[in-house]
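Letters A, B, C and D mark the chains as written, and numbering starts fresh at 1 in each.
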């Protein structure tokens, strides 16, 4: 597995899932050839692009014009093919079946997204989200339970990186949540 | 990328690199088809086996008989091929060229290992180690600098997992160090 | 400030707030002479005893007989005076006014406890809790907001300690939540 | 114990030990009435001032003019008395006996500082340092061992705080090291 480094992505001012979290998220999604991955709140498209390079067919939805342009540029840079949707989930999502779903941002519509996934995520499909607030994480866990997802995992990752002069610089703590549809 | 879960490995009482750290370690090693990976202090072989499944030819050295047997069993279970060496690094290592080296345990011979790598790790090859003591981490960083490795990265990863009743359970903090040979 | 070390407390099998978390919790409670501190779910009484030694009059409630005995022993050992209540909060709490309240465990009755505090915690009084589950932390934050507490702070503390042979050993991540009554 | 909040200190652009780390550092120093505390690399004087308010006589050394002015202003604001030395440790330190020493910054002269402490820190005196680099932490641990300090403790603290909109914001990981002189 060749992994793309943060600095290789074209970013602008759009927040991007950082390397450690991106790698772990893709590992929890357990992407394999033939997967159909839905990326909700795709940002710069870093998760989508790695997903595509790992063999998934990818649909990415993003509401901000700046994000859409960045994803497009990054797709070209890394020679990845992504079905890009400008809009809001789940309202603007196509009625397709997916095997994997990543939630990078829910825009306050997590319940509607789970309703959508109830119809559109396959049995044994995986939903995985990144969370930086207790409120959204708690809602995600509650919805996983309400919809009876199995193999629920919640990881809290705090990573720090040594900078050029040897200082350990902390990142924000990120929660990675995951469940498998029954 | 299909990733193996911790519970799938046969473990016995041998310490094993846990999922989050194993995934990140392999990401920093940036394994690709054709790599020749040397795994020093292989333990249960979890890094070696994932490396092999990701397309590397793997040599693993382990001094404990229990470890050797576990690696052998895990290779069979996951259908991975590994050149297994019972012994101590670098003394019992073959005089081969490697493109990647993972140090899971150095047995107090980090200096000798770096001397060995100076001859046996290819240009642009990556050495990556996991550390749980400040002393060994500090020595690893010093040796990376002494041997003029580039693109040095040191990550401190603290991960916690939610258990069945919702408690967040902490793991030990792990340092992942990495350098690229010039 | 002389602080009591973990190993000085008589503990039995009752879970105890560890040194780093105990110190920080008392700092967020900002105990001073004349405070009236209520300790809900007192466990071994470590927070109560430090509170008493820092000048507060303390009421501690604990439902487990083993806990009650340990608190009693620890009070004698450290020469601290605590009003000890065997029972369940808020049902068995006296109708007194408090300036500080620590919630070590709510036994699933956080809402009732906040109702009680609404009548029994003074204006500008501080409530502070320790949380190890996302669910309870989320509920605590929601109740702080519902009852319009001010100066809300939520801290996530991950601490690790070096052991005798130099290994960094992680603890569970703990959330410390705090609000000031208006 | 009333504790001073970060925002109450006059800071300028000088780095300041943050609340959680300051509280824990003072707890490891175990300050009590009559202590003689030496603060090396005092910065804004936050540790010195809390130490003074907790009953210690304090000597603080700081090389930067900006720091000296800030400490002076903070002393006035909090009505704390500190013997302030503009200069470099240990060269400009007085030949006095101390019971406690905090090292906030060593300016690359940790060895000389330990030599000084060997003569000037009392038996059973405590030295405590804050570290943000592996290199300095490792040197501090080595010097504690070389000079045969006892009750050595090394804590790694990662703390994150919830901001106004609910995001958990990480801080840099800090190591707190401590030893007791024999």
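In this section, contacts are C-beta pairs under 8 Å (C-beta built on N, C-alpha and C of every residue); 3 or more make two chains touch, one makes a residue touch a chain.
For reference, the UniProt names are A, B, C, D = Precorrin-6Y C5,15-methyltransferase (Decarboxylating) subunit CbiT.
Fair warning: this is a prediction, and the values are worked out from it, not measured in the lab.
With every chain reduced to the mean of its CA atoms, the largest distance from chain B is reached by C. Contact count check for C-D and A-C (C-beta pairs in contact): higher for C-D. Residue numbering at the chain B/chain C interface overlaps substantially, since over half of the positions present are found in both copies. In whole angstrom, the spacing between the mean C-alpha positions of chain B and chain C is 42. Per-chain Cα centroids separate chain C from chain D by 28 Å. Mean C-alpha position of chain A lies 38 Å from that of chain C. Multi-chain contact residues, meaning those touching two or more other chains, occur in chain A at positions 134-135, 154, 156, 158, 160, 162, 168, 173.
Across the complex, chain D is touched by residues 134-135, 137-138, 141, 154, 156, 158, 173 of chain B. Touching chain D in their complex are the following residues of chain A: 132-135, 158, 160, 162, 165-173. Chain B meets chain A in the complex at residues 1-3, 19-20, 23-24, 26-27, 30-32, 54, 152-162, 168.
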